[in-house]
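Naming follows writing order (A, B and C), and every chain is counted from residue 1.
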Amino acid sequence: MKKNLSFVIALVVTATLAAVPLFVKKDSLLTYLCMILLYVSLASSWNILGGYTGQVNLGHSAFFGLGAIATRLLWFAGWNILLAMLVGGLLAIAFALLIGSPAFKLRGAYFTIGTLALGQILYATVGNLFPQISSMPVQDLISYTLVTRYYLFLAVALITVLAATLVANSRWGLGMMAVREQEDAAESLGVNAFQHKLLALVLSAFLAGLAGGAFAFFQIGYYPQYPFSPIWTLDSTMMAYIGGTGTILGPIIGAIFFVVLKEVLSLNLAEFHPTVFGILFILVVLFLPGGFMGLWKRIKDKQQKKRESMAELSHP
Amino acid sequence: MLKLTEIDTFYGDLQALWGISLEVREGEMVSLIGPNGAGKTTTLQSITGLLRPAKGSITFDGHDLLKVPPDKIVDLGVSMVMEGGRVFAGMTVLENLELGAYGSRARKERFETMEHVFKTFPRLKERLNQRAGTLSGGERQMLAIGRAMMSKPKLLMLDEPSFGLAPILVDAIFEMVKGINKQGVTILLVEQNVRAALELADRAYVIENGRIVGEGSGEALLSYESVRSAYLG
Amino acid sequence: MLQPLAQNIIYGILIGALYGLAAVGLSLVFGVSKFLNVSHGELLMLGGYASFWVFKLLKIDPFLSIPLTIIFLLLIGFIFYRLIFSRLIKLEVEKKIQNSLLVGFGLSTILQNVALRLWTADDRSITTAYSGLSFELAGLRLPAVRLISLAISVVALISLQIFLKKTFTGKAIRATVEDWQSASLMGINIHRVYLLAFVIGCALAGVAGTLVSICYSIDPSMGLNWTLKSMVVMVLGGLGSMIGTFVGGIILGVTESATAFFIGGNYRLIAGLLLFLIILIFRPQGLFGTKEGDR
């Protein structure tokens, strides 16, 4: 019953989002929505490895960047954008497979620092190899429509959330969560930790790569280094935590919250949104593990308990 | 001097101690014996504050120990030697002993106290500037006890001082402990080596599965049939 | 061919000293409390800016204003510790490391953003009357400010060593690292030890920052790279060994210089990070643990 309801809600939301460009004509608003969808993709893809499998990856932007760079190059070379994005995603997968084995030799915080270093290596290397700004060629500029970009971001976001949902509810998802909770115990129960982590990594990479491709299609001019910047990782990680890691809705809520907050702050405390976000992040890590979703769950549990005790009182 | 009343202690959700009550009077040597996992170390940790009991009370010299954090019990005169001859391995024997007298009460008199410790454990003076990690098992145990003595305790608690030591050393260690007791220090000895623990003690408690199942004088318990068969084989 | 290489190596050693100094700060905090303060680089940056503004506004010589930097960072460290890190004490080791990492991340975001808004993204550097002074030795150029910085780094570390080895408080810190339970039973207040180690670590970062602002340059985004460098050196040098950490700093500095010389200046950073990854992966698990393993 509950599952059907969720499914219906998801369909309604999707349909609404798809219909948005029919009603929203303002470019700035449409751009905000694009950003929200982009962050939803980034945060949700991060969450597969970080939230469900418990491996905090601080080099997530590497996948985003790889997807972006491959897509951009191929698209400018004349390829169809969708194919270019697919290649971008595959490049991200290739990288994930390359680093997966050595990376997962590291456990816990050491994995996190390792990914942080790796992300920085890619960021610096790309900056060295491609120092010049990447501008959109004239023919693409002329045919640029924001609406197409919006639908692309929407598609990527939908694919990401769908993939995350399917995995989370599958046996693989269970295994991943087992690895997150107690890796050694999970292993003794027959869960191959490495396989699960690798799957999470590869999936996370592919989806982030797709998001990177969408970004390459959207952003008119940028330094090739930019998508590799740690700021994308930071933002995705913080969104996932604030919304609630290990849940499907968490990263979505976090992404919406982030973009909205950015807007609200830009009215008064312009450009201080990283500070506000940083403070919120620290507060969540210290006091509110599970983020908004966790808080919501706790409130629901309390109400449930109240209902149960009321029921007991009336039927002694 | 030390009194535990109906102590319940948990490890997370797991109950380890059930209604533990015991008493150590001034000047006594009291042993706490029992099999592995019975709760002996847990009891000691409840006293020192490294674990907090969920229920019950612990008083020492009139002070409510449940309100005292672990780093303050040494000021009250309680000193503990943890099991396994734990010393600060990366630091020298001298530094270990100095740290034993960290509390301000004992720090002023630390040179005299150290001379005193050397009388009981002359080997430590020989090894004064050696890193504690390079000492033999027996020497480490001596250092651990000597270090505990540096705080001039009124009550000295020892957790399995004989553990892992060769029999000849075990006798020596117990002799030293007896000697410390004769100097007026009250002793609570937790031991798996039942014979020695009962021979030395004025009184003893038997703990099993987190509960006190027996109490009596050392001699009486030694002759008690079930104790003999259970522990002395 | 040899001369420019030797010059490069010299420069590598000179900056390596600062890497070592910064790393010791991080290492001290991690060794004592198992907090991995990822905002270490930002604290360094703050130290640099403090000296910069003291120099600009009060005209105090940057080397002489180091005590001010120290006080400033001790205060900031105290505030951050009390507000944030102290709440992580009760966690068990793995969670402690991970959460301190996350929290440090958040803190670094905040500090970077604040610095950017307050002082703009421009590179800053302290230029004194003697900034251009340098000595010649066997045809090699030794800039005066960098030599002085090397000396100060060494002095700072020797002072720390003396503190840890000879004072009761220092011994208490070392004892806490070895065995916090026994230490607390000896009357050592573990919480105060954690706090002390943390603020000292911050102060060391601040001093390093001052030296960086004199010898090189600072900007709001420098933090992450310095944090990573500190981690590399911490890993290279081994926990608990100050000399090892200092030498590790030199190794990193020389590695970077050699890379710059043979491959190109842009790859300095990458070389260090690659070195980091290689060490992380190929050294045994107990890499960050003490000899007795993580406790």
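Simple rule for what comes next: contacts are C-beta pairs under 8 Å (C-beta built on N, C-alpha and C of every residue); 3 or more make two chains touch, one makes a residue touch a chain.
Since this is a predicted model, take the numbers as computed values, not measurements.
Shared contact partners of subunit B and subunit C are absent; no chain touches both. Among the chains, the centre nearest to the mean of all shown protein C-alpha atoms is found for C. Chain centre most remote from that of subunit B: A (centre = mean of CA atoms).
Centre to centre, using the average C-alpha position, subunit B and subunit C are separated by 42 Å. In this assembly, the C-alpha centroid of subunit A lies 33 Å from the C-alpha centroid of subunit C. In whole angstrom, the spacing between the mean C-alpha positions of subunit A and subunit B is 55. Within subunit B, contacts with two or more other chains are made by no residue at all. Considering their complex, residues 48, 50, 69-75, 79-80, 82, 86-91, 95, 98-100, 102-103, 107, 147, 151 of subunit B touch subunit C. Put simply, subunit A touches subunit C in their complex at residues 56, 58, 102, 105-110, 112-114, 116-118, 120-121, 124-125, 127-128, 230, 234, 237-238, 241, 271-272, 274-275, 277-279, 281-282, 285-286.
Note for the complex: subunit C touches subunit A at residues 36, 84, 87-88, 94, 97-99, 101-103, 105-110, 112-114, 116-117, 224-225, 228, 231, 264, 266-267, 269-270, 273-274, 276-277, 280-281, 285, 287-288.
Subunit C meets subunit B in the complex at residues 168, 171-172, 174-175, 178-179, 181-190, 240, 291-292.
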